[in-house]
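As written, the chain order gives the labels A, B and C, with residue 1 at the start of each chain.
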Amino acid sequence: MLQFLIRRVIQVMPILVGISLITFALIHMMPRNIVDSMVPPGSPPSLRAEIAQIDGLDKPLWEQYLLWLHQVLHGNFGVSLVSGRPIGDALFSALLNSLQITFFAALVGFLLGILFGALAAVKKGRWQDSLFSLFFIAGISVPPFWFAILLVAIFAFDLNWVPAQGMGPEGWPLHWEQWRHMILPIATLSLIPMGVVGRIVRAATLEALSQEFVTALVAKGMRMDVIREHVVRNTAPQVLAVMGLQFGYLISGSILVDLVFNWPGTGKLLNQAILSGDIPVIQAAVLLLSVIFVLVNLGVDTAQAIIDPRMRR
Amino acid sequence: MADAPLHADPAAASRDRGGPLQPLLIVRGLTKHFPIRSGLMGRRTGVVQAVDDLSFDVMKGEVLGVVGESGCGKSTMARLLMQILKADRHELIFDGDPLGHTGITTAELRRQMQMVFQDSHASLNPRMTIADCIGFARRMRGEPRNMVAAKVDDLLERVGLTPAQYRHRYPHELSGGQRQRVNIARALALEPRLLILDEAVSALDKSIEAQILNLLNSLKAELKLTYVFISHDLNVVEYISDRMMVMYLGRIVEIGPVDQVYGDPKHPYTRALLASKPSHDPRKRTLVPPITGDPPNPINPPSGCRFRTRCEFAEGVCGQMAPTLKPLDNGDHSVACLMQQPGSGHSRAPI
Amino acid sequence: MTAMGISALIVMLAIAAPYVTDGQPYSGNALERLKPIGTHGHLLGTDELGRDMWTRLVYGARLSLISGAAPVLIALAIGGSLGVIAGYAGGRVNALIMRTMDIFYAFPAVLLAIAACAVLGPGLLSTIAALSIVFTPSIVRITETATTRIRGMDYIEAARCSGATDFRIILHQVLPNVQAPVLVYASSLAGLSIILAAGLSFLGLGMSPPNPEWGQMLNSLRQSIYVQPWVAALPGLMIFVTSVCFNVISDGLRVAMDVQDG
């Protein structure tokens, strides 16, 4: 097991390096030169050169990369071109805000997906199966930003049940006013994981139920809870893998939903950065979210290996 | 064989270049070691000596049987001969022409030499019709469609399948025996002179196996073919072969005419193998297992004679020097055992 | 069947756009802004600039369908080729291709699309390019897995014995056997592609106004949802319906082609 973990961690290293290289390259692939976006239009070349020199932008590319990587590894993501403040602080508080809804959205989506998926599988061919399968298709097909707008129009404006925008007052632990702000974003974000997880749970359960050893258990008159345990053991690795991916997608995929609900998460941060051409912020956000995505998947791999020894190749 | 029947196929006769005494295929020093890579960096931590320095001849018109336990390198040898796997070292001479830029090309060698695989299911493309499978090689060589179709029908006829009935079927619609007939037809499509049959009948029912063996025998006579017949079934090899070759852990331990090897096996491994052959006579039951244990790990084969770890006659000298294949008195029959080599130092060696 | 019918209808409308509408998706009447559904002369109402919604939705189908289908087709061509090459060649070639893809695969899809679009600038072509980059790695993976599974099969070796070139073996023997799972997977991306393309436009990274594209229309109508909720919801509804249809078709394809997972 330890050997598996070490091997996986070492396998992840080149991927992380690759991510950092691509993210670094983003700056230099931008249509607008970074120095141009830092100086006021019409500045003399001497000012440009000076700024370039301060930020090490006159050095060769590989040196810039190492410099940047060194800074990033020390938690220094640079300074926003727009606000002039360090990116790290803004990024981490946005990440916390995002995780707040992502966590609950994942929880709701996964639980509903598992519940509906298992029900659909058990009732295969009956109306429950058709209904839930329709749910799942709708869940993966709905454009989240549109669904978010609909929810706001109906529940926030027509019915005035919940607030439409923002995250309400600060504070921990969460109190009722904060929950009210979170309901709609969570509802929106939980749709896709519900659909994806529901589909995979349904398929995996059907497969597990059709296996010979389950038939043998039924034939031996095993109680239902014993059979359930076998099904869970055999479907868990697949379902876990999908859940890991979905969780990763949620963290970054909330960008459109953040926009609609005006939720101060990574999505909003990224969106503002894109609109204002704040390249260092885009770069930092992409890097951080991708690294989190990789780490989540690493965690899922490990969990899979714990459940299913065959995965410890 | 020298006294083969009259040439049924004049084309085949004209392709015979070296005359009946020239071996159809000469193999020298055929070697393949697979590296074992492990760890994170893929370091080379060992080699599997799958095939180690094989040298033998295949005579024109003969059936050379190849026997040995699973994992002894029989199938690897077949793939090396076909050039599907690249050998580390080898010298092949096909009817007097060495393989390489001075003699015969790989493409031409494959025209002369084809292979039939064991698994009749896996060896036919599930998405192609029988006719497309058989005609593939000819289509790929640019022959027009109608000519290939005529050739395919002829081949189906030859292997005992009615063309009109089977031409457009898919492999999964056929039985194992029928599929193996298709495989044989496919191998014959380029009109080769040498067929390598890799466990070609091993997966079939006994009754079907007999039919396919008879088919192979008649095809051989009709088309003047030569076979290298690989099998783990000693009865089948005895039935179909003229000469046989016994392999152990990637090396040849004994080679010779079937009646001599069966009648008077010289290598302890051959004797054990033959003793383990199920007899058709219930009174002659095998009571003591003639050979025990699994073959040693081919990653680190025993030094010297590779069989010594399972050989009841093994002595110290067996671990020190590897026996080479040496002909016995009559010349046709060769064996790689120190007990048969005068002056080898083994206590049972002839003086 | 219903899904096929609806998709076919949308495609046909998109093709026949000039004949089923007044043919003027860009011109509007400032006096007729945000008319409700069922208004005389504007069956589906008008948008915030007084342009006919029906016309814009039908013309929007053109851009949305293209930005949904093109990335999948491009990814299929590039990813499929790379996957087959990686699977068939094995060894170092495989390692090179697959490890590179791992890096792209490690980026969350939406993020990768946004980053690519931010680099390429707004527009139809950059949307297509960005989404192609997003979809390629997963298609490479699926193709590579399917190819590796059959590469050691005896019939491939038999084909090599026949002396056919690698290119022809791939074309005649490998492709027919790997196409089913790859095509099914690609078809499942079409629905996602439409949503992502619309999402990029919604962010202002894809198509820019006044182009009629569903995601872009949804964005510009966003503030009007409190005035004319049904009209404002229409572009999103179109995205939703199209995406559902594509996903249903993909599921049907999976069953018809008997593909297990993946």
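One rule holds for everything that comes next: a contact is a pair of C-beta atoms (placed from the backbone, for glycine too) under 8 Å apart; a residue touches a chain by one contact, two chains touch by 3 or more.
These figures come from a predicted structure and were not determined experimentally.
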Which chain would you call central, comparing Cα centres to the global Cα centre?
C
Does B-C or A-C have the larger number of C-beta pairs in contact?
A-C
When the centre of a chain is set as the mean of its C-alpha atoms, what distance in Å lies between subunit A and subunit B?
57
Starting from the mean Cα coordinates of subunit B and subunit C, work out the distance between those two points in Å.
52
How many angstrom between the C-alpha centroids of subunit C and subunit A?
21
Which positions in subunit C are in touch with at least two other chains?
none
Touching subunit B in the complex: which residues of subunit C?
153-155, 157-165, 168, 172-173, 176-177
For a test of understanding, state which residues of subunit B touch subunit C in their complex under the given definition.
79, 82, 84, 106-107, 110-111, 114-115, 117-119, 122-128, 133, 136-137, 140-141, 183, 186-187, 189-190
In the complex with subunit C, residue positions of subunit A that touch it
14-15, 18-19, 22-23, 26, 29-31, 137-138, 140-147, 149-150, 152-153, 157, 203, 248-249, 251-253, 255-256, 259-260, 270-271, 274-275, 282, 286, 289-290, 293-294, 297
In their shared complex, subunit A is touched by residues of subunit C numbered 99-100, 102-104, 106-111, 114-115, 118-119, 121, 191-192, 195, 198-199, 202-205, 215, 218, 222, 225-226, 229, 232-233, 235-237, 239-240, 243-244, 246-248, 251, 261
